[in-house]
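The following pair of complexes shares a single chain, subunit A, combined with subunit B in the former and subunit C in the latter.
Up next, the complex of A and B:
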């Protein structure tokens, strides 16, 4: 019973918008659903540039982890990623340019306390509350998941991808690397592999829905889009709402597992559930 | 008439948390809550709250447990009109486990979370002046619900009709999301919109969708009836049929339950030849049931 959420500011001026604060409110309101891990990915255009951040977990002792951050220019990023892929001890965290991913085991309020999520601005973002089902409670199994295939893609997921092994095997045969045992990681790798192949995010989502079995809803964010996608039978919840904006923030689209999470942030106009199997995509203005 | 303001309980718990150390916080909170509400919180809640939510005062399970304990005590004391304020979408409110039906009119001012009124077995009306999340009245035996807002998935799931109960009657004014009345074995749901796969595996009861036509209704149904606007599509195992005289009588009987809630003015005259009804839900409307069809189990489906 994970909780997921996301939002896209509906603002052509791309003012510094309180994405972190809205996400944090939505996550805390859904905390009752899951308590094993919390994480966010926030996209802020002002971070965009020629350098990349590659983050990975480094184990410290029996149960502690620290996060290594490698700053890399566009010239040597491939070499550094290649090195990472060959390291069997690597627990990959994220590959970022404009995006920032922060995730920890534990509660959403503790994530905010540690990283100041509420102060983060941007154009869009996604959040996750994890209850562990098929993989261990570790920082590297928390969401959002991203990939080393392309930077700035992140997914959060509620449910199960029951043919995960089959999808993973086929992606590994294509040469893509996995870093965790979580079924959710396959969504990020699949989408990134398809973006690399044909560059069409909507087609990538449709292809995933066609291939994936099981009950799931996921929210995926790229630099210029956020999508909520449900399995073909609509067996996991996902709700979208719109906040028309105030003097303090621009209008935004919000999506979450629980309706109450939309209510908490005032996104209660134009409420809808995405059609099962049909990606509902919001693009950055 | 009794009112529970859950914000008052939150304030009390936060006050105790800010003035006591971790080791005696739970005992002090337990004492204060007993003084104020004459109910006890179980010892097991302490560990569960700390393990899951880091402390007792911020744990939603504390407020779920307390709210239900207070409600249960008030019902045992003979109170049958209760209002809950500031529920903030707490899960599992109104899950009691009384062995006999209770008499209770309950009004909730705000949103309720998952499984509101699950296993309900009461005489009276429970009104939610807000939205309801998944599993509203899940496995309910009897009672009447009026939800002013939306309800998410699985409204009236496993609605029970037994030798000693007729099932739960539910009105959702702004509509339900997926799988409304899934696996229902009785009861009635009147809703202004219902999501995909509503009526999934129904075996008895009535789902009346007065909103837009739905999609994939009635998959695997073996009994019960869905009334919905023409244009609704069915899942495997369900068949679309025209309404007959008996259906108009059945529709009248179901709407009779909510006649006052919907201000239906001409229900007595309703029939196949007088198929229009005027009522007020969110706004005043007229519905002509000649535009409706019914979905029932397809006797030709072989499983």
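Up next, the complex of A and C:
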């Protein structure tokens, strides 16, 4: 019973949009759903550049961990990633350019206290509240999940990918690396592998829905898109709303598990439920 | 069907009539015992494999409300795929009487009409009235007569030459029935454009190579052989057809979990199951109806079991959905052991890793694999 949320600012002047603050409100309003972990991914154009950040948990444990941030020029980033894949001690965190991922075990308000989520700006973002059902309560099993295949892709997920083992086996056979034992990671790896193959995000989502089994809703964000996707039977919730904007913030599309999350941020117009099995995608202006 | 197998079916029914008590052994298992008599295979490893039911983190589907998918496409080329609504080929080398063949044709056509298409693999020429896909089993390629698919028996390098020839003229799916050495040449076959391989576990477990192994080892190894071809690339749909010791829904589900895409259902057993009581008065329509009913019942079981495990697609079953209490089954099928949720191979690997670390011994990955294989060979 995890809680997920996401938003996309509907504005061309995206640099100073208060994405962190809106996401934090949406997460805290859904805290009742899950309390084992909280995490966000925020995309900010002003971070874009030639260097990448590779974050990596170095220690196992509930809270005792460190994050290695490696600034790499695009020339040697492949070499760094290759080393990471071969390191059995590695608990991969994220591969970032424009994107910033922050995640912790515990509550959403503690995540904000530690990292100042409310002060973060950007164009779009996603958030997650975790209740651990199938893998351990650790920071590296906390969402959002990212991959080393391509930078700036993040997913949050509510539900179960029941054929996770089969999908993971076939992706590993294709040569892609997994870093956790969470079923959610397979979504990120699958989408990234298909973006690498044909570059079409909508097709990648459709292919995932066709292959994935079980009850799920996920929100996935790339540099210029955010999508909410429900399983083909629509067995997990998901709702979308629109906030027309005020003097304090631009208009935005918001999506979440519970209606309460849309209510708390005023995204109460153009309410819709994504059609089961059909990705609903919003692109950055 | 052999005479002693036929006698067993008759005997088991008479026994039931005389005593009114449930039998100790199913008809399938009785036939299996006869077939394996004289060999060292005493354990039926199928019985040591159980499916993990749905749970909190993996809720079941309702097969009445939610559509459970059984459809299987055979063929790697987009527009040449053959679709089976039930992942079954009626398959066997038996010389059926004309009336049995007619009953089978009637039944298979009715199944197509009821959106439950099942395929047929046989040496016979495909009949004109058929609505179902007929894969012709051929050894002489000059005798191919307009089938929907072809099944070639692997007889060595000449088969590969035949495939090259057929592939130039025939666009439909080509399957190859392989022998016990499939691991050596499956990659080559798939490279030649073959659409899948067919393993008959009854035949292969009789070979020296699989002498002390069970059908699950054959299925597991055949899947590995196909996967080897796809290392580093996306699978474009090469399928694994498993025939032999898979003649009930329970075994079919377990075989699917181990990697089977389609099941080859023994023709003789099918006819025996539905027609054994009416030998003196064989009515084609009644027999056809019984075959039809039997297939529809099997379809229900094939949809119901995955749904109860938490799948809406039969093909999503994998070894991790099963547990076994047998070390042999764990080794041969790479199935996790009950209680520890790890395969026997993984347990050996973990113990070795710990030992190497504690004793501070320098052993590379290749050497570790050699040691693991040695330990496993001893246990199997």
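Here is the rule we use: the second predicted complex is superposed on the first by the 280 of 285 C-alpha atoms of A that agree within 3 Å, B and C clash if a C-alpha of one lies under 4 Å from a C-alpha of the other, contacts with A are read in each partner's own complex, and residues count from 1 in each chain.
Note that in this section a contact is a pair of C-beta atoms (placed from the backbone, for glycine too) under 8 Å apart; a residue touches a chain by one contact, two chains touch by 3 or more.
Only a predicted model underlies this, so the values are computations on that prediction, with no experimental measurement involved.
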Taking the superposition on A as described, I'd like to know which of subunit B and subunit C A:233 touches: first, second, both or neither. both
Quick one: is A:29 in contact with subunit B, with subunit C, with both, or with neither? Answer first, second, both or neither. first
Just to be sure I read the superposition right, which of the two partners does A:260 touch: subunit B = first, subunit C = second, or both, or neither? first
Contacts for A:110 in the overlay, against subunit B (first) and subunit C (second): which applies, first, second, both or neither? first
Which of the two partners, first being subunit B and second being subunit C, lies in contact with A:269: first, second, both, or neither? neither
Subunit A positions touched by subunit B in one structure and by subunit C in the second: 233, 235
Within their complex, subunit B touches subunit A through residues 52-54, 58, 60-61, 88-89, 91, 111, 113, 130-131, 133-134, 150, 152-153, 177-178, 195-197
Subunit C to subunit A touching residues, read off their complex: 56-59, 61, 66, 227, 230-235, 310-313, 316-321
For the subunit A and subunit B complex, residues of the former touching the latter: 29, 31-32, 35, 106-107, 109-110, 233-235, 237, 239, 258-260, 263, 271, 273, 275-276
If we count contacts the way the header does, which residues on subunit A are in touch with subunit C in the complex? 133-134, 160, 162-163, 165-166, 169-170, 173-175, 197, 213-215, 232-233, 235
